[in-house]
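Structure provided below as structure tokens; questions to follow.
Note that the chains are named A, B, C, D and E in the order they appear, and that numbering of residues resets to 1 at the start of each chain.
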């Protein structure tokens, strides 16, 4: 019966652990509300969560319409980043020359403060959806490409050699050895990118736009509606986390051996 | 003599490869200049590299003084991020509870578009050096902490078990097994953070400041001096790459076994 | 395609409307009401125009107009002056407000009543060189030293946020931040620019267009201004209606502020001018000279190229 | 004095995809102080699993295990455990890999190196002090791991196929070396091997495990005098043992 | 017809920290079509290095190697190579790990699985089709790697200590299995082992290598009739060979 108890304990434990993030977020929210009430912080300096929630509810229609705009930009940019990031990582892994040409340019692209270029980006690309997608790509592309590149390098050279001796062609070696070795790091890149994508779109809107959460935020601020500003930040955070979790679910589906490894220490599932 | 030729070839090859990045950057600059001249692009839309270089030279004193401000903020923030990022990664690795509490908050911190909070940050923290450092930390902390956390997890559990059986305490296991396994990923996090740090400081200045490259850029742009804007972007890029390379050198010194691994395929050094 | 719909009437023909991008200078406010009104009331549509109003990042509007990415936008006389001197081909085609309603303002508690009081204080601005120049000129007049002022750049951050912590004073439009101070019951002291020097009663904000748009499509400019003028006339006559139009386009704005601001500003769009938007050459000349005399610019602006009344609808 | 290691009624199962894989079934074993005990059994029957349990690395078992009379669960005893994989650290060169247990035990680096340098020739590793693992052959890695295990300061040694990757000559050499140090220090040794000869030659007692789920099929005392030498291998008693073990295994 | 594999005057050195480590020195070997040739030699002498070179995985050598009469450098021949490490992929379960060569050769998955399922019992791996590598014992991994190697469609097999982690019984079983498939398909086999018995029992010819730098100390033809069975091991000829090899090694 000892084993059974053991299992039960573990289950309880993981039940608790799984809910901890919610608990921690929840307690921070409570703390924040308490702080605002006790210190009587004026709403334009820091609105309490209750007030933010109410404002969010009241303005839900407007905020939703802006969110749709921003999410679309973010998702388009994210998909584009994934495709190009992957493609480039493959190419750089395959041809070292390409890598030594492009890698420094990649790093440079990350050091440029985009907002500094705001006016110029608009001049070059107009005020449509294009510059927003470009900002998202600029922000998301790098983590994806870099992690994938490093993942591709992590493949065991002995395994690659074995595949060669077996007569596998480049594509096969890639699919069977290099790619699976790279997947965990590819996904951690994807998750970082997902985290950044909505923020990237918001910054893109900052450059100039007619709608989107970025625009909405500047407006709420210039009309001293800090509560609405926070409401839109909440939306940004929630949407980003939603994206993040989708990637995490896909990861769990695609990398089953990692999941199996997780329970390595546990003999009792 | 065959072997000798082989070595020579490899050397030549790496000589070429090492210079490729410079070549590629150089050719992009040439292309850019050609483009600007042939299409007669007006300077306010896209100044040519020659013009940018001249403006940079002429305003070098002012730009230098702003660069010092920005670099100081960036480096302070970077150091702070490294310390806190490492510390948090360790703590999260050691106590899973802490991890499940803090990790989600970490992710949330990355999804918040800082510029949206600009006015509030100004209200909360003023226009001193503090908010800039905070932005740098916000930008740099995440990659360092996440990569280190993942690096710490990559340690071979069998090795850790062996250490336990040998009677090693937590600290020893950490130092001898967990840390070395994490170092490569820790450094890739550091490099990403170094890439972002100057940009972070520039964005921090955007929130409000009296000097620094971010301020200088706003001013050049409001005085319609696109050439000077580009000059300051060049400075940002060069400074960031400089930081990046410093980290890379430190990495080479600290992780010698990775260097050894590099030449695994080569029997002839 | 250019829509040769000249009768200004109904725009009922089958031709597709011309797409126009109009760029604001700042978050939507009562300076922009006429444009929103023209859009909401269908004045643009009548002219065969499909106007998209965008809000750019800071310091971007002039560049967008100069490069032709936006056909029209909001600018300021001093911006047009500096931009033209740097070679940006933009032209002021209408004055939104006849007189300068901007002021240097500070919370009452800061005790800033004359430019002399700027000494030892912190100014928060959006990063234009004209700010420091204007401050210097004003302070020189009072024998105060500009070097005693710390100049902070806080971008498009609003007046109350900036003066909450570090900064002491900022440059505002009275019709917006000044009214806000009343509504929020946060008294301010302010120094109106136009009271300090006659030359400072210049046009701000103005509507700008690119030289290329003007020379290649004068008809478009005419149609645009005809609709915009109707919009501002509407706003002048119906402050409440105009305020509501602005509010429906930017619902997050504080409605009390918009209504009060609109009431204050509506009479000032046209003011003493025979028609809305008219710009006087003397105003441009005086301001340029004022700048030049104080060595704030290196050469005089050719004012005839910098503004035009040619496209305003004649009464 | 009671046994050094006492295993009673040990059961262990793994669970996978909802299927239970019974690995150990009612295992009883004893190792007395200073005794050399071998475990042989078919590949995959659960030998390494027993070691893992004794080392406190696996907890989902039933039954009782005591070390020095103390229940395993509350014992914090250090053991000289040699894993079936070499588990050398790629970021350490040979000398640092080997000196690891000495360092853990608090010896300073210089002294540790000196101690190791004495031993390297015995293990055929001299001249490779600074080599990283990828520069070593399979057998060299195994010898390094064995040397490292030997340096762990414990009176219990658990060796999981320590000579699996060695050629006959080196294997003989290492066997003799192991016997000599065992006779000198009288540590208690539990030894997994798949060579019947090796088991007989080295052990005081041999446990033969059955196929999975492993049960103890036979516990055999080896009555050959010590110190032993290769001459014993041809003795008739040796061959009797050999035949018995071979038959038990089949 | 010339030899399947011909190695002449093979030299190979490694460089580290400016020091040269000579590993192979004037190695000459031949493997004829359908021949079973073993290589024995001290641990660390360079056996695995020879395999690496034959597989075209190492280029910094001097000397000539030809496969089927074609120079190695220009040959693209697929070989059934079994590495000393198991090199199973942690992201594949057992059946997918094993079916890899079949897939590479273009067989479809279902057919491949069927083929494998037939073989699993022979290798004692039935019931572990879906197990990931960490769920397998050391010997099971080695057997899986051997089965995978066997499925590589090539008339040359290079086996680097394929039975190193197996117990006596399983080892005998695998040896007999290897002989039977070899007799059936007549592949040319080059076989590294450190068991003299195993080498004699299996081979047509045995090369004995010296300590590093490795030279060929002896090339011995084994004149024991085929098919062989365990009975041969006790023959006097077998023991003569054994003594000769043992002495050469020492």
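By definition in this document, a residue touches a chain if its C-beta (ideal position, glycine included) is under 8 Å from a C-beta of that chain, and two chains touch if they have at least 3 such contacts.
Not measured: the values here are computed from a predicted model.
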item: Longest centre-to-centre distance from chain E, chain (CA-based); value: C
item: Top chain pair, ranked by number of contacting C-beta pairs; value: A-B
item: Whole-Å gap separating chain A and chain E, where each centre is the average of the chain's CA atoms; value: 48
item: Chain A-chain C separation of Cα centroids, rounded to whole Å; value: 39
item: Centroid distance [mean C-alpha coordinates] between chain D and chain C, Å; value: 86
item: Set of chain C residues in contact with two or more other chains; value: 58-59, 63, 67, 157-158, 161, 164
item: Sequence positions of chain E contacting 2 or more other chains; value: 14, 16, 85
item: Contacts with 2+ other chains: residues of chain B; value: 45, 119-120, 123-124, 206, 221, 264
item: Of chain D, residues touching chain B in the complex; value: 55-57, 78-79, 81, 83, 85, 87, 89-92, 100-101, 104-105, 132, 134, 152
item: Residues of chain D defined as touching chain E within the complex; value: 14, 16-17, 40-45, 47-48, 84-85, 124, 130-131, 135-140, 142-143, 161, 164-171, 194-196, 246, 249-250
item: Chain C partner contacts - residues on chain B that touch it in the complex; value: 42-45, 118-120, 122-128, 205-210, 215, 218-219, 221-225
item: Chain B to chain A touching residues, read off their complex; value: 17-18, 20-21, 23-25, 28, 45-46, 96-97, 100-105, 107-108, 110-113, 115-117, 119-120, 123-124, 142-143, 146, 150, 157, 188, 192, 195-196, 198-199, 202-203, 206, 214, 217, 221, 226, 229, 232-233, 236-237, 240-241, 244, 264-265
item: Residues of chain C defined as touching chain A within the complex; value: 21, 23, 26-29, 52-60, 63-64, 67, 69-70, 156-158, 160-161, 164, 180, 184, 250-254, 257
